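Listed below are the structures to be examined.
Two complexes come next, and they have one chain in common, chain A, joined by chain B in the first and chain C in the second.
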Partner chain A sequence: MRFELTPRPNVSPVMRALAPVAAFITAFLIAGFVIWLMGRSPAAAFDVYVLQPLSDPWSLQELVVKATPLALIAIGLSYCFRANLWNIGAEGQYVIGAVLGSWLALKTHGTDAGLWVLPLMLLLGIIGGALWGLIPAFLKTRFGVNEILTSLMLVYVAQLVLDYLVRGPWRDPKGFNFPQSVTFDPSATLHPIFEGGRVHFGALFALIAVLATAVILGRTLFGYRLKLTGDAPRAARFAGFSSKSTTMAVFAISGGLAGLAGITEVSGQIGQLQPSISPGYGFTAITVAFLGRLNPIGILIAALVVALTFIGGESAQILLKLPLDLTQAFQGILLLCVLAADALVSYRIRFVTRGGGK
Partner chain B sequence: MTTFEAILLTIVTASTPLLIAALGELVAERSGVLNLGVEGMMAMGAACSFAAAITFDSTFLGVAAGILAGALMASLFALVVLGFAANQVGSGLALTIFGLGLSGLIGAPFVGARRDPVAHIDVPGLSDIPVIGRLFFEQDLFVYASIALTILVAIYLTRTRSGLTLRSIGENHTSANALGLPVWRVRFWAILFGGACAGLAGAYLALVYTRFWSPGMTAGRGWIALALVVFAAWRPGWLLVGAYIFGAATVLQLHAQAAQFGVPPQVLSAVPYLATILALLLLSLRHGRAIGAPGSLGVPFVPDR
Partner chain C sequence: MKADVSSSGPPLVELKGISKRYGDLLANDGIDLSIEPGEIHALLGENGAGKSTLVKILYGVIEPSAGEIRWESRPVSIGSPVEARNLGLGMVFQHFSLFDELTVAENIAVALSGDWDLATVRGKLGEISRTYGLALDADRAVWTLSAGERQRIEIVRCLLQNPRLLILDEPTSVLTPQEAEHLFTTLDRLSAEGCSILYISHKLEEVRRLCRRATILRAGRVVATIDPRASSAREIAALMVGSEVGEIRTDAPHHPEGEMLKVASLNLPPAGMHGQALRGIDLKARAGEVVGIAGIAGNGQTELFAALSGERLAGGPDAVVIAGRPVGTTGIDGRRRLGAAFVPEERLGHAAAPTHRLSENTLISHAAAEVSRSGFILVNAARRLARTIVQSFDVRTPEGDPQARKLSGGNLQKFVIGREIIRKPKLIVVDQPTWGVDAGAARLIRQALVDLARQGSAVVVVSQDLDELFEVADRMAVIHQGTLSPLKPIGEWTKEAVGLEMLGVAQAPGGVHAV
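Presenting the complex of A and B:
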């Protein structure tokens, strides 16, 4: 017996929309099975991972906080993935954005600098991420170097840059030798939207990015150009769209948004630089982008859903003694299921017994 | 043993896992499948081999478990990219994320445990030759196995009918399918071989190189193995050269850190990753676009009728 794939002549939009949901349920069932194998109760895990965070106002705020960087990065990645370009180094662009933005925060530390600090920090974050993202794009367009490997290698380099800074020149002299910078001044801190709340203004940036992207992709020539470059590169060339400038543009956009996510997280959430400033947002955002079907609104929903696995993972670690690695494993399985579901939407699978078919 | 000898020996130990993992990926890519899950399969190989070796107190069972874990991971990948014709880049990434997470789960109870060194083969007489004696005639079994595997893969790809079939499927799966060549079957086994090699490489890391397990211990070696395949222009012979150059870079970097030249350790730690980028860049400068890449690499196969 073996498979046969036949392309479906017309795909219903309902199926396309339901595919990620089906993938999510499948991934959940697999995770439940793994938890059962580990000798824990899947029902209790479901309660801790899903029901508890959703029924507690504090966790709901936390959900938005965690979804913010995911949505920002994933929105950026959707530009790359739509153009069939593989930026898998968003984690590095996030780190460099955070580093460059924090440079200003540390420079102005204790100087009574005014309101201009924060906007400039955010801008520097965007620039840092974009420049870091432009390295693989430049190597690809100028020399034909594969962007997958270079963008990934630069993640390790970025993490080492951050590590060097917080252990060396940027270490807080009064920090008891801990590898961390000074705590940012209020003028360099992104404040909560509501007094005493957890959700900071970064959430608004994510919303703006979503809406702007929806307009750009649906209503502008640039959006059309991305779609064409991804789906029919030859046609895009004939139409006069330079694939090189498209590559540079999408890497700059995705790097910039990842950088913004980085500085937003450091300034609004952590409040200082430390060796680790991300639980893998840059990689998880790849899952988020595909779970959201590369659609801005879809990504927003997907970011909230995947943020749930981070929060659930943290409480499961405390309540059920389930390691945090389970969350990462789940995110990997989820991405596999999403991609498989995508394929199932485009192709019909038939089982052929030996002798039958071709 | 002089320091120089010691450095040469560690270079061999550092290069071997890169070579083994890259060989597996090379075969998979030659059949037209790009599996970016090497890092994840390697991590699983390391975790499972270490867990088995400690539990049963047997290096042999450890290695077997590592190979099996890599192959199982690869079969999951094969199901998704062959069975469902899903996107290979995305699926490979997912496999890496999954493998890094799952290996953390499996390895967690074994953090802190240690294995004894694996026995080295000692060719009597020959291993007493100064410098090269120990280098060539007193290595562990895996080192010799990795060299033998390189030769076997080279012979298989260029001198056998089955290797020719595999290469033609990688070059153009539509034509190969029209000729009646079993595209799916060949790719399935090629992916499985790739996974087994990555698992073995992971086992070598955990049982010989470090002799302990820690989360994320693969530290990007799976990605470097992927880069090596490009660097070697999909040829096993060049893979051997490339793996040893990278192994040397890694080891010299560690020695430079120990010697404390006044360079921050992070700069030296970045060397292998920067070297990978530089190698890919130099290769592109010399040859233009990805020379030697199989024609159908990374393209999902859906037969038309």
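Presenting the complex of A and C:
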């Protein structure tokens, strides 16, 4: 006996809309089962993971804070993935964006530089990420090097660059030898949107990126170009779209947005450079992009959901003594469930027994 | 309309009530078919009539949803091609499954089950080659061979297994007229020795040349079993299509003037390892005429199309001149803006994106169509354009604005050709306009191309279908191994002369040798 996936002749829009909901419920059931196997109460875990963060104003803010870099990076990645280009190195572009932007913050540290510092830092963040992203794009278009490998390997290069800087030339001389830079001046700090709150202006950038991308992908020739390049590369060439310039453009955009995420995170949340400035946002954003089905609004929702698992995972670690790895496992289960649900909406499973094909 | 050819003894193979359902589509609907020992039986039908499905069921590639297969009166279940071969079936597919880098003998040895060493294969190969007139050099690498020679490998591969029934799927689609005649002689000899042959085709002439019995399929059903020699081509075509097939009107007077396309000494290196280089191509097309380019697949047509469309650029700007402007180094968008239009051979994936809606597919020729403004898509304009194309070119769609892949081959071809014709280009270059398209759609497409020329455009048609070119072209040239024969008025060509050019054995202008 084997199974076959046969395409469904008609896919109802209701099914397509309900698929992610079904996927979430399935993922929670699977995770609940695992938690039960570990000897904890699934109900308590659900409470800690989902209900508590959503009912507490502090965690709600934290949710937005965590979702901001995820959404920014994932939105950028969606440009690449739509064009069937595999940028796996957003983490590195995030780091280099943060480094280049922070360079200005450190350069102007202690001077009475004015309002221009922050916008310029953000711009440098974008440029840094974009340039880092253009390296694999150039290697691919010029020499045909696989972009998955180069973009991924450049992550480690970027992390080591940061590591060197904060331990070496950029280390705070008064920092008791801790590997970190000086704390940024107020003029180099991204401020909260509301006085005393945690949500900073980066969240607004993410929102703008989502809306702009919705327009670009849905309504412009450039958006169509990406879709066509991804879905039918020969047709894209026939339409007069050069694959080289497409590759360069999407890597620059996704690198730039990752770089922006990096500098806003450093400037708005951390306030200084240190060896680790990301809990793997650049990699998690890949999951977010696909959870959101490469759709800008979908990505926004997916970023919030994944941020929830981060926060829930932290409190579950404290309150239920559940390992943090469980959070990552849950993110994986969630992605698999969403992909499976998507497939099952378009295809149905048919069991075929040998001989009697009914 | 059954014309039973009486014969003694039971049929070799009998299909009874074979049905195959794919979702809502009945690809085969209760098909009955029987083949006598030693008979050459034709299976006729348009593309999409269900011929391939039926043959794949017989060869064990797919399972039928219902029905029975009897082999010498015994019911059998054929679960795989291996079982089919063990039973005594051999099949030559339309698309060859050969390893380009291996030699003829190696390709044959690879496919045989059981213990065969190369020496034995070589010996057997020589024997079969001599008996059936299938000349093959055992040690040549396959990529150096012509399509006709490659087909011989496939046939020899089948014959080595001593088949009782040989199935050939559209075998002449890649052959010159001379090679086809050679194949027919071989098949006659096989049939005389008692091997049955199921011959799948949509070309009436060759079916009448070979077969005494033909089963005609339409929309998954048997519509008639006839003696093709006793019926006229028109009657058979009507059975296949389900209605009378009209002829193309080409009689409108035309006075070609104004050179829309000029290609001068165009050279182009091959695209891939087995691509064909273009060498010194000269070609002119004037407003008001249809220029045909004949040739067997793989002789540089794809490369020529890419060079004309601008998907590949020539060495210098003067190699390609469109509407008086040198464009050899200008990309496809620039050429479209000069009023040129292009339709490549591959519908899905090249001319159209399979998963995109028809309205989105109008954006592919965005450079010349009014579907975008300053980088933004005019969604409504694109929808309107798609709707106009669908209506003007009789494109049958399952819903309002379906994905391109939901259309049948013929309907999608009407759409992609319509997309270009509708903006009245000054020059249109079409590669294989009716490849794999049903007769009704083919007629509509040919008529549209001829009409466009009569309205004052230059039309270049690259085609492997000689009948089509004789029908629509005013002047014709033949491409062979990347070189183009002189362009001559269609009246000065005979099929034989074209065949010789296709093989590259014709002499310089004037002296065409007989076979």
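Just so it is clear, the second predicted complex is superposed on the first by the 352 of 358 C-alpha atoms of A that agree within 3 Å, B and C clash if a C-alpha of one lies under 4 Å from a C-alpha of the other, contacts with A are read in each partner's own complex, and residues count from 1 in each chain.
The rule we apply is simple: a contact is a pair of C-beta atoms (placed from the backbone, for glycine too) under 8 Å apart; a residue touches a chain by one contact, two chains touch by 3 or more.
Here the structure is a predicted model, which is why all the values come from computation and not from measurement.
Using the contact criterion defined above for the overlaid structures, shared-chain residue A:7 touches chain B and also reaches chain C.
In the overlay built on the shared chain, the residue A:194 is in contact with neither chain B nor chain C. Ranking chain B and chain C by residues of chain A touched puts B first. After overlaying the two complexes on the shared chain, residue contacts for A:290 are found with chain B alone; chain C is out of touch. Residue overlap on chain A between its contacts with chain B in one complex and with chain C in the other: 6-7.
Put simply, chain C touches chain A in their complex at residues 23-24, 63-65, 77, 79, 309, 311, 331-333, 336, 342, 344, 346, 349-356, 360, 363-367, 372, 375-377, 379. Those residues of chain B lying in contact with chain A across their complex are 36, 40, 76, 80, 82-87, 89-91, 93-105, 108, 184, 215, 220, 223, 226-227, 230, 264, 266-267, 269-270, 273-274, 276-277, 280-281, 284-285, 288-290, 300, 302-303, 305.
Partner chain C is touched in their complex by these residues of chain A: 6-9, 219-224, 227-228, 231-232, 234-235, 237-240, 242, 354-355, 357. Contact residues of chain A toward chain B in the complex are 2-7, 38, 86, 88, 139, 143-146, 148-150, 152-154, 156-157, 160-161, 163-164, 167-168, 283-284, 286-287, 290, 323-336, 339-340, 342-344, 347, 349, 358.
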